[in-house]
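Sending over a structure as structure tokens; questions will come in a sec.
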Amino acid sequence: MSITDQELDLLRTKAIDAKDFAYCPYSNFRVGACFLSTDGTYYSGANVENACYPVGTCAERCALAGAVASCKRPQIPKFKALAVATDISPPASPCGMCRQFINEFCGSTLPIYMYDKDNQYVMKTLGDLLPMSFGPQDLLPPR
Amino acid sequence: MSITDQELDLLRTKAIDAKDFAYCPYSNFRVGACFLSTDGTYYSGANVENACYPVGTCAERCALAGAVASCKRPQIPKFKALAVATDISPPASPCGMCRQFINEFCGSTLPIYMYDKDNQYVMKTLGDLLPMSFGPQDLLPPR
Amino acid sequence: MSITDQELDLLRTKAIDAKDFAYCPYSNFRVGACFLSTDGTYYSGANVENACYPVGTCAERCALAGAVASCKRPQIPKFKALAVATDISPPASPCGMCRQFINEFCGSTLPIYMYDKDNQYVMKTLGDLLPMSFGPQDLLPPR
Amino acid sequence: MSITDQELDLLRTKAIDAKDFAYCPYSNFRVGACFLSTDGTYYSGANVENACYPVGTCAERCALAGAVASCKRPQIPKFKALAVATDISPPASPCGMCRQFINEFCGSTLPIYMYDKDNQYVMKTLGDLLPMSFGPQDLLPPR
């Protein structure tokens, strides 16, 4: 299910706008993210840091946790695309922890649009960024 | 700034309802959480697990990251109360990681209402649950 | 099982020495930690940061993961004391995430010695620092 | 700097043996890991879980944090290879969070040997598993 030009325009705008909502007094590294679900909803997020660095969260996980927790079980949301925006060039890619978090809910064909400081993007799929992933299929069946 | 009976009713309902939005196929341990900000907004969240267990997030951090990332910088949101709901009795308390995450944004007097499987609560403040906390004041001034 | 003066001397020295092994280019906040097991072994650790801040680990978890992973199952190690050393005064306390990690293996009476920049300590027990903890007893029996 | 057959034999044995040191009552998914440094030292680790799932650590990070915290600053250890062992087939790969943690200290050519339940391996480099990584070079210079 591919993303339209109009959807990508809006997804880009929302990811870039989300940088203004980052709480990052320790790194000063603002990240905005936005997921588009297959039912047409946009879920934004930003990085939220902590004085104890490992306790903070990235923008991608902030957005996706919010999206998943907006969907009543047993349904699981599906996503068409992710956009991530930072203030550097070339654009930052999602960290490995976020790639892993995304992998729980998105297939390897999910397009990830990474926007640089000039709002230009590089696109890679989740499969490109997390090949040979560890995922639910590797576990024994959950209880 | 204290919470009214009406606000607490709504906060409880939202935290309990949020359990239905938990993604927890590995633990089968549903958690719902809701923060009430001082401007009267409610921010719900649920736990979102991952096949690689350390990569998942708790309900409290899901809700609070969403709340913080809904507020444009340089403003920082303020909160009046947190409710957490689980399916056990006595009620579960927030894990230490969540207490730490909350500590970045909430004072020691924040009331935390913990609801058990019968929707009865125990209330403790953040200061009760994370005494002698490590926080922003312990770091050298950020850049 | 209480710690002797001689053991505490060595535990202090090891925690303070461990600060020199911290990898903390992002925070410049060195932390050293050392656990003493009931069989008399000392396990040191230091904080190990990551460019993606949430991915790093604290000194206390570094030390304790190493200690637990040095003990063959089904045995579970037991601990007599923890010392943590930082370069500030008053001394830093373990973050909430570490308190939670420690809670899995140590009882509420575990003494935690926190050393400041002048090698003076404040002692609190785990129960003091993580009251009303969430722990294994709160979960359904694991598979 | 390539690994010899003899070194790989020992690395495999140590990773497989480390599975017996896993603390994983919640997942029952044992993981052992071992890093070989360029100076010939082997650093083993195992997964150490927590009742609050996100607070636990994986085997790879347990081993590598221990290795890094065994090296006095300003030196940074260098590594020749990593082996990871699990009880499934095909073998599990490191999760994204661990790939990110490893990326801080190892180059893209690091060989990662993944052993399955029958002690057969698949080898991929870090660059294979974490292409287009986010790393220290993406941050503003640390303070």
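Things worth noting here:
A, B, C and D are the chain letters, set down in written order, and residue numbers restart from 1 in every chain.
Note that contacts are C-beta pairs under 8 Å (C-beta built on N, C-alpha and C of every residue); 3 or more make two chains touch, one makes a residue touch a chain.
Keep in mind it's a predicted model, so treat the numbers as computed, not measured.
Taken together, chain C and chain D share the touching chains A, B.
Centroid to centroid, with C-alpha atoms defining each point, chain B and chain C lie 25 Å apart. Remark: chain B and chain D have CA centroids separated by 33 Å (rounded to whole angstrom). Multi-chain contact residues of chain A (touching two or more other chains) are listed as 26-28, 49, 51-52, 55-57, 95-97, 100-101, 103, 134, 138-139, 143.
If you draw each protein chain as a dot and join the dots that touch, every dot ends up joined to every other dot. Put simply, chain A touches chain B in their complex at residues 18, 20-23, 25-26, 28, 44-46, 48-52, 55-57, 59, 61-66, 68-73, 76, 97, 100-101, 103-104, 134-136, 138-139, 142-143. Against chain C, the residues of chain A that register as touching in their complex are 26-27, 49, 51-58, 95-97, 143. Put simply, chain D touches chain A in their complex at residues 27-29, 88, 92-101, 103, 124, 128-134, 138-140.
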